[in-house]
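Across the two complexes that follow, chain A remains constant while its partner is chain B and subsequently chain C.
Then we have the complex of A and B:
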């Protein structure tokens, strides 16, 4: 398992989602996977760039793609938003000859399509990692009822993410089951959490979040597991009924590694009572 | 001996003469090697023009003619006939296309256009010089037909052909004919009772002395070619002897098996021995080997029929000894001249729609299941009842375009019949449940045939169907009802509907197994596995293989009206073919130079028509003259240049190219 990947941290890894990144890095380390941070990565454009200018949005991601190509390694992108932007740019480069040539020239690199964009779910929920993950489980998450929530960017559109079960994704579900948790099938796996409306339309976001939490509670879940920092933030801060956890925090708990107590303090709904 | 050649240049009014100097072209042509006569005329294809060609051939004893005019697609046949009428072998006449490929595209440069026209004429003359006189090929014709599929397309096609006094064999995979039409309750746009309509046609088929029915059967092998097909038919055992069975139904009661009834789309259960459907023709029970406990230990029931030895409840109870579980499959052969592919459709599976419950929610059903609910002979005796609890649903949501028009995840095409049958189903529901509400989620309403638009409007205005424009995001089960999340894109509102029943108008797709069958029949299919016609406009019922015709939904999704029209067109086409005693084929086909062919077989794989085969005796390949279409694929593929297209040989073409390209040295 000595593979090494390039790693694109994104801004939330240094701020609101620090617990996600710490948990993820701990798990990745435990699995013996190497990560090299991209030396000169820049902002992915977040939610703003593509609203201002397609060219700017593509350009920022193309710059990061160029950096990744120089390493020749697949790029791991924990933040769902960053992943969405980079995967979108990769898709354009793959299918639009003209744009590809433009950015190759601009950033002085050769796009060969060999560097894959990987979300953390792409990286960790691979079929071949399952035995290693099961081996690392020290404390199975027995009796814990979880619903898995995927949100949008790491799933859709399928043509860009390569996900074939966009309406009913199952990869995190499978992993949680491998960790020993009781996975509940439910109806809101890919519903919208409100995303950036969290900043501009709090009321609408509350409505969307409440619906998701209603269904999770109706499904008798103890907690909701996600892989996106924005989903986590939106859902966690707007209700007091359900703890929200990152899937890598669940892995770390099952592996009994990392500074979990400290991570849990970053959550609004305290998950510590679950474990 | 050198041929005496004639050149006839047509003005085509000003079409050609406007941008080509036809006098100069004639003068130049007259100087060319072998030309003994050259002239021009205003309309060569007119009667006097043709007469001119004919007279000159006779007077000057021409043995090669070039008519420089429009595309050979327009008048090659005209001039070849004219030449044939005065005794010149028609394959010694060729068209030089100086209109589409010259005058029309060089309208502003007369000297250049004229020079090009002369070089086209010169090249064509060089081809004629080496053309061989040919005779058409005569092929035997067996005036019998095999119809694959006994749905309404197969039935209508077979009846028409049988009524024209031709023998027809219908091969039907299921235990009864009628196809999907037998599952449907009423028609649009006139609410005709389908069972009545269909039963009449089924009775006609069964009583017709010219029609032979192979039920439980499939095409195993197809050999031969147009006019001379040999179809091997595999028939699964039915186990019940129709001569002895009195249809008393005792066996149905004792069978211990209970599985979902496919004909009723899983809305009812059936035994391993069961009545396939409620048509008169299906009164005699059939036994499905795969479900039967008698064969429970038999690994491959199809291979080892008769090997089972467990449960014999039905055999024991039958008062007529009509059931023999030792029956085995049989093979039959039919020799026919033409084949109709009426293979039909399946509905795309709701299991592929996780957002609508992936086929697991009992009250989310597909459109054919809803038809079963509407059918008086169906599992609810025609009452619309919820599958989960048998209650009358008060709110029904019909969703159109499920799996259709969704290129990213499902089918890109429109399934064409759904707009209308959904309107029909919703109207029938509203007529039955007066205090019920029918919501229809739609993208567009496609009601583009006679009385269709009126039918939909009537539903909206008189039966208060609630049409909501937008795609349903998801359907989830709640306590006692289904919650439907959708949007009304006309008012930009998100909606949630608490529904009792959801009906999915699933996409139509070609019948399962069509890829294998198409391969056997050597018929091309498109990317969605629909059978391809030769030409969408002009040859709409001809498949890529001569003598194999298409009818119904196997070719593309369509409603009953269009299916029947196409089936009758197919029957008409076949009758035209059968109006001759033999078939005539064009001799412009591939031939093999026996001394050059190494028998590598590349041409066999490359031939799209199955016209090339290995001669087991000589170990080189043959050309089946009846099947070859002269497409030239084998000529391009042959590594030894052992294949040639008659009268379009490489030698001829290289000389022509030399002429066109400025008299390069010919090989």
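Then we have the complex of A and C:
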């Protein structure tokens, strides 16, 4: 029987990452996985809350953790930044009894450690899903050369994300290979794109983005595949050499499902010529 | 000179800063090091030595983007990102003028949007940020480009339990 998960959309689900969310929901539905949006949720604080106040950042994430615990189901968090913040708060609750008790009282819930925080890669790259994913492939992505770009938040720190190889993660690579794409090894899988610096220091962000794209072009990639909305925005807006797609858009293309042409129009470097 | 700085930052960040033995692995991998006035390894040593004034006035604490590259490579498992959070909070709480006011303007505008709606409303947040940073020209095109792609919604969406959100802000003193 298919499992149902709780789902935290995050603020970018209706703005900068709209095509990511629509593609992801289509893929999850095709796999027969159930998702229930949390009855209430707030912004995780992104990079801003912890930059100004650790206690504000923890409070906002704890609000969402409490909502998830009330549902009793593991929480799926597509946005890499939101995932990082909620996983960090979950780590604090797991290891700091005083903080845990404070938040249990404030948000009226019982933290039993049973509700897991899952990134979309955690959910979709599971070994047991591989046969189902391969079965759904209608149009293998043959001949398409891709580099997989993981960025920071779903990878580091390993003690919190559970990723065992933080220098060379392979889960998205494996998924893309299962779709029939030619996956190229490269050097910038986990390099930083500049994150929120995209709004404060255009020059530095362009420098970081261009280094990543230089390496992808040198590896002869046709496109760059990611799971992070902030990475996508930074890299897509600041260069004109390479299309960047979400890994679930690639899955939707291979499955031939969803409103793909409309999603491609949301990108700055047109990916339509790839398919 | 402050004798309590090491203890305070260690407690707030929950990181074993006293274990740093200057291998410099953090600084070698830091993507932002060209923007730092003190490289990450030196920030660790300055905390150990209690050089509070220099640190709170530094650009380094505001240029760290919490990518966690240093933290995941440190042989002593010291994560520098939460250490920077502690230093930034001290800078603001003690009324020190931040070396990078633009970054502070962005983050303040961002959390104000959460305080108002429980979530981010990009359009009003970006306008507030431009107003606060008095920076009306640079990079305005990013917001405009996103708007033209239909990625900046006009109407905000709100959390249901705003009373609780306000309480979280009050407890954090924000």
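The criterion applied here is as follows: the second predicted complex is superposed on the first by the 274 of 275 C-alpha atoms of A that agree within 3 Å, B and C clash if a C-alpha of one lies under 4 Å from a C-alpha of the other, contacts with A are read in each partner's own complex, and residues count from 1 in each chain.
Throughout what follows, contacts are C-beta pairs under 8 Å (C-beta built on N, C-alpha and C of every residue); 3 or more make two chains touch, one makes a residue touch a chain.
For clarity, every value in this text was computed on a predicted model and none was experimentally measured.
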Touching A:110 in the superposition: chain B (first), chain C (second), both, neither?
neither
Taking the superposition as given, does A:261 touch the first partner, chain B, the second, chain C, both, or neither?
neither
Which one hits more chain A residues, chain B or chain C?
C
By the touch definition at the top of the document, which applies to A:196: first (chain B), second (chain C), both, or neither?
second
After lining up the shared chain so the two structures overlap, which partner does A:157 touch, if you call chain B first and chain C second: first, second, both or neither?
both
So, does A:166 touch the first partner chain B, the second partner chain C, both, or neither?
both
Applying the document's definition of touch, where does A:59 land relative to chain B and chain C: first, second, both, or neither?
second
Partner chain(s) touched by A:240 [first = chain B, second = chain C, both, neither]
neither
Once the two structures are fitted together, what part of chain A is touched by chain B and by chain C alike?
157-159, 166
Provide the residue numbers of chain C that touch chain A in the complex, in ascending order.
12, 14, 31-32, 35, 65-69, 71-72, 77, 79, 82, 85-86, 88-89, 92, 100, 102-104, 106-108, 110-111, 113-114, 118-120, 122, 126, 129, 138-139, 142, 145-146, 149-153, 157, 159-161, 164-165, 167-169, 171-174
For the complex, give me every residue of chain A touching chain C.
11, 14-16, 18, 39-43, 45-57, 59-60, 63, 96, 106-107, 152, 155-159, 166, 190-192, 194-202, 204, 208, 233, 237, 265-266, 268
Chain A-touching residues of chain B, taken from the complex the two chains share:
353-355, 358, 408-409, 474, 476
Residue numbers on chain A that touch chain B, as the complex places them:
157-159, 165-168, 187, 215
